[in-house]
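Contents: one structure, followed by commentary.
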Amino acid sequence: MKRVYVNENRCLGCHLCEYWCAFANSGEDSIVKAFKLNKDAMPRINVEDSGEIHFAVQCRHCNDTPCVKACITGALSVDAEGLVSIDTERCVGCYTCVLTCPYGCIVIDEKNGGKTVTKCELCVKNAGGEPWCVKECINGAIVFEDRSKIL
Amino acid sequence: MSVNYIPSTFAVLRDTDRCIKCRACERQCSNEVHYYDADFDKMFVHEEQCVDCQRCVTICPTKALAIIENPNSFRKASNYSQQLILENYRQASTGAVLLSSMGNPQDFPVYWDKMLINASQVTNPSIDPLREPMETKVFLGKKHTHINRNPDGTIDMTEQSPQLEIKYPIMFSAMSYGSISYNAHESLARAATELGTFYNTGEGGLHQDFYQYKTNTIVQVASGRFGVSKDYLDAGAAIEIKMGQGAKPGIGGHLPGKKVSDDVSKTRMIPKGTDAISPAPHHDIYSIEDLRQLIFSLKEATDYKKPVIVKIAAVHNVAAIASGIARSGADILVIDGFRGGTGAAPTRIRDNVGIPIELALASVDQRLRDEQIRNEISIVAAGSIRSSSDAVKAFALGADAVYIATPALLAIGCHLCRSCHGAKCNWGIATQRPDLVKRLNPDVAYKRLVNLVHAWDHEIKEMMGGMGINSLEALKGNRLMLRGIGLTDKELQILGIMHAGE
Amino acid sequence: MNYVIIGNSAAGIGCVQGIRDKDKTGKITIISDEPYFTYSRPLISYWLGNAVTDENMKYRDRDFYEVNNVDTILGKRAVKIDAAVKKVILDDNSEVAYDKLLVGTGSKPFVPPSPGLDETGYFTFMKYDDAKAVKQAVTPGAKVLIVGAGLIGLKAAEALHEYTENITVIDLADRILSSILDEEAATIMQKHIESKGVKFFLGTSVNNFVGKTAHLKNGETCDFDILIMAVGVRPNVELIKDAGGEVNRGIITDKSQAVKGLTDIYAAGDCTESFDTSIGENRILAILPNAFLQGEIAGKNMSGQDFMYVNAIPQNAIGFFGLHIITAGSYSGDDAYEVIDGDSYKKLFIKAGKLVGFILMGKFVAKAGIYTSLIKEKIPLSDIDFNLLKDNPGLAAFSRGRRDKKLAEFH
Amino acid sequence: MLQKEGAVRIPSGCAITGFISRDGRRITGADAIKSIAVMHDRSNGLGGGFAGYGIYPEYKELYAFHLFFENNSARVETETFLNEHFDIVNLSRIPTRQVKSITNEPLIWRYFVNPLPTRLAASQLDETEFVTKCVININTKIDGAYVFSSGKNMGVFKAVGFPEDVGKFYRLDDYAGYSWTAHGRYPTNTPGWWGGAHPFALLDYTIVHNGEISSYDANRRYIEMFGYKCTLLTDTEVITYIFDFLHRRRNLSLTEIADVIASPFWTTIDSKPAAERERLYYLRNTFASLLITGPFSIILGYSGGLMALNDRLKLRSMVTAEKGDMFYIASEECAIREICPDATGVRAPRGGEAVIAELNEEGRRKCL
């Protein structure tokens, strides 16, 4: 399965992916609306900055899926391809997944007071195709590739 | 002094209905034009620092930005433009020579735009490059015209001069590592390699990482001799002696110490942080015979296996100079016109010294033919070849190939803000600042360069096909394929072409 | 192959998934004394608090048994394992033969004897049925007494707060959540819960019950309509013990989850002990993720693969009235880093140059998994930028090499 | 005012034909007229011409110069020049007959000459080079004079008009030679000038050409470096000079010349065995500016043979055929059938394929 990978040498720390991610998951039809009209727009990707180091991180859709295994409700699940997704209707906000994700990629939904968590679903539930962080990365730092074959 | 007299050149327009305050503009502006004010919860600008590089405009996710010329204007005068007034202010405040970059932007005639290309109609067929072979491969180097035979009657081919085979008649001009970034160099090197053409190290030596691209590298030897060693010479497919540069004929170069980073210092073989100064002349070349000596020194050093290129700026008596070079043992001559780009040049020199490449090329080609030595040397035209049609016109005037630099930089993101000398290039090209260099992704950039050359090549082939020509050799010097438009008899005579309608 | 699983909760489900990872055809039978489709026990408080519907109580999708080709025997209790003939005997005397057996019997509430307790009547709070019983009994404004200020007691308190503000919690310990929080954290949480109207009696216990009144050892009395006993739990080890398996407090297994002293019998979940790598000792880690992982490992090994369960550490993620806690590992370090900011609290426990445990509360819970991974992977803090990491959990603190491994490779 | 050849470049379309008796039998010009006449519609009356080889056996050691003079003073000036450089063994007007459609004829003279040994020695040139220089001198320096044929034992006859009329005009049925070429012209620019008609000749090289080459100025500007002066600005002229340069002065074989001017594409060259690849690279690259592009079909006539060559894309028609010792080349098969109805082996040579037909041993003995 294609997953999102970041090349740290290329990531500029512009944080635009966060904005495009928030838009992509907002349900709005424009990024301006996502930020001007929709109070809930929130990114699933996070750019870490430390001095000259910048890189975007979001769910790795990893093979062990500790978050899925730890989920107490079954809200988190992984499909046959390896896509880890969340059914926020079933999430009770216990944060066990936050506790287990070694990448820090489960995002607490601050917009609803932390009642649920959310995460990157590779944009399959919105526009589909290439995830928006990849599509809009201004430096080609974020790529959408199948690297599982290398494993 | 509290007043500097200098208003900002540009105005930054922001559509606040669109601005989502993502602050990408702020993060990405090396000139620190944009800033966020938390008290107002709004973005503001220091527009006097803007160079109109368009970085922010390009990346703004909501397209909320536009940069325009500052509508503020001084009282109009034809003899004193606002630009001229400001330059005097600037000099009065700094006491310094004005610096500029990229090509001469003044309103001089562009002869490319005054020449028209022919096409076949009825009496001979145009050729469709999508259906028929169309050849743009070129060999640069001396072409002996005598034939020797072996005892068995076959042709003796041992005496051939070294030839530089280029798959496309377009090469990337010299741009030194130092004046442009590591990533820019990598992009050029990888593109040249994929294309089967050449890029040129410029005078700054060759970074160790790029020795892997040596089969597509031209190494330059300039007056500063930066980074020149046996290994360096061996790493080039050809060696270029830079005698002059179109953007700044008659003067040397100056790379400020702040651009001499660790890697640049290693590559140039000079101490880190010191200014890298290229003298105006080569101090071992005060005459044509000295040049000949250097040419043969370089040939000797590389076993006569590599073509030696001599690059000169197009100046008034360029034809006579070229004639001397053609007889000096050089294999390839580069003529660099006065609209050629630079990473930094004194403004007055860039804007006033030298002559256009079109006239220089035409007169050199004719002169060498008149002297029956055109075959002794290949000619590469440089200095403002802006498009495939410029290139076609250059070939028809007599060029064997062209060098492009500004279009190559445009391909990888340059927006021609002409601020290279500031070393803060927001596009990661003309800078050594690691955070800015990073903005140029060679994986993306080299592909764009490849695309550009492919696109030009397609267009060149279309135009050639239109003329009924299916090989570049048949276009070279084929001036009947050109007609002038709106040119004087003198200009037509120098260009060696007829006027449209003749 | 004929697999039998006793227990229909996380360990059992983990076991099914572990088996089906490889063996798509073997027969799997789940036996449970509860009559329900597999549900999530930690959700009973949410259900009681009307935060979760009956449908969402399901731990897995509705078609889980069909998709995974699982037979179920629900509402019958396994009363005996005849290891010699590889049979499980149920409470109706029926027998179920197995080739491989998983025991995931979980735990049961521990209710200490107390004078008058049986007469006054009480609820425990472990199972769906417990929650249903409480829900049936509770009326708006009812007085609730909860004995035990641990995870179960306080989750019950939070749920019942949807019905009444008249809730009292008593605990013998001098602080709430004593098993997972240190004193500072417990104090913050206690204040937070008290701010919602819940009263605490700590450092004391019930002396005796008289009717609907509890008499505490500290002399106080407490009236109640509903009494919930949430003092603690005990693992259900009897089946294994009777069959001759090794049992300490919990069932003892090897790292493949096979029960020591028996063959072809595995155990997983709250009924077992795990090797806690943060302290280097066996203990019961009665939490859902642990149960699932043990079950999964057991299932894989039962179906002929070779996996070991390692890196178990105590870990908890839980919230009360919107204030979240994430904890992990052991709190017995030789060094610690502590930050308190209002309701938010962070304490990192360091031992021999490695992170061994943490308590995070409030805003500090974000990205807690980064700290968890430091504990599990036993990464020396000298290898990373701990100064950065202690305030900003993130991958930036890792070396470039470690980070590239995490970000650029498929895991 | 319309400009004539030399003042303006005049490309043209055309008909060509040619044949050779490999045994050296002498055939009258009537066959050439007959053959070219059948392709009447390929010309437009603005030029026709013939080259006959072996037509002056009695003077075969002498250069036969055919000249057009616009006036008598040009003739006088030319004869003075000739006398200074050559021994004129014989001179006469070329016999013509009145043909209604041929008008405005210049003075047409023929000189059989031998270079003056003293002048030749003084020039330090080889004889052919000396003669070439003299021809170019007359053509460029003497106003109103034009040498249109300058080889030995051969002659070019050309005029403005349809080729069959030109043949009649020059009484070609009175000449007999072992090979003939003929040309009917369709210039795409008026008016056509006598000198501009084909064949174009230098020494014994003659070219008849159908096509319009797109490489013209590239070829011209290169070949002019070697002392040639393209005064007519026609394809035929520059192609003739290229042949002269490569064949006479650089000693390339005719097939090697084909590899230069109609070189295979690089991709084709790359597919050849190493030695052949290297040879083709060398030839193409060394004389890069002599690659001829655009449509052409040419017949090169020279002492002892004919060579037919098409451009490498074969953008113009050309067929060959043979019968017995005869070898035929023409734009159209009908032109061959007209004079040899039962010719065999009719085929269209590939683009860039040099087809050469030469006198055999017997023919050489008889004719050379």
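Order of writing sets the labels: A, B, C and D. Residues in every chain begin at 1.
Basically, contacts are C-beta pairs under 8 Å (C-beta built on N, C-alpha and C of every residue); 3 or more make two chains touch, one makes a residue touch a chain.
Because the structure is predicted, anything quoted here is derived from the model rather than measured.
Taking A-B and A-C together, the pair of chains sharing more C-beta contacts is A-C.
Each chain gets a centre from the mean of its Cα atoms; the one farthest from the centre of chain C is D. Chain nearest the geometric middle of the protein is B, using mean C-alpha positions. Computed from the mean C-alpha positions, the centre of chain A lies at a distance of 44 Å from the centre of chain B.
Spacing of chain A relative to chain C, judged by their CA centroids, is 28 angstrom. Note: centroid distance chain A to chain D, computed from Cα atoms, is 79 Å. Remark: chain C and chain D have CA centroids separated by 104 Å (rounded to whole angstrom). Chain pairs that touch one another, listed by label: A-B, A-C, B-D. On the chain B side of its complex with chain A, the touching residues are 17-18, 20, 22-24, 27-28, 58-59, 61-62, 434-435, 438-439, 441, 443-444. Contact residues of chain B toward chain D in the complex are 120, 122-125, 127, 132-133, 135, 137, 139, 143-147, 149, 154-155, 157, 160, 163, 369, 372, 374-375, 398, 467-471, 473-481. Contact residues on chain A toward chain C in their complex (touch as defined above): 3, 5-8, 48-50, 53, 55, 57, 60, 62-64, 66, 69-70, 72-74, 77, 89-90, 92-104, 106, 108, 113-114, 147-148, 150-151. Considering their complex, residues 9-10, 12-16, 19-20, 23, 31-32, 35-36, 52, 136, 138-141 of chain A touch chain B.
If you check the complex, the residues on chain D that touch chain B are 9, 11-13, 188, 211-219, 221-222, 224-226, 250-252, 256, 265-267, 278-279, 282-289, 291-295, 312-313, 315.
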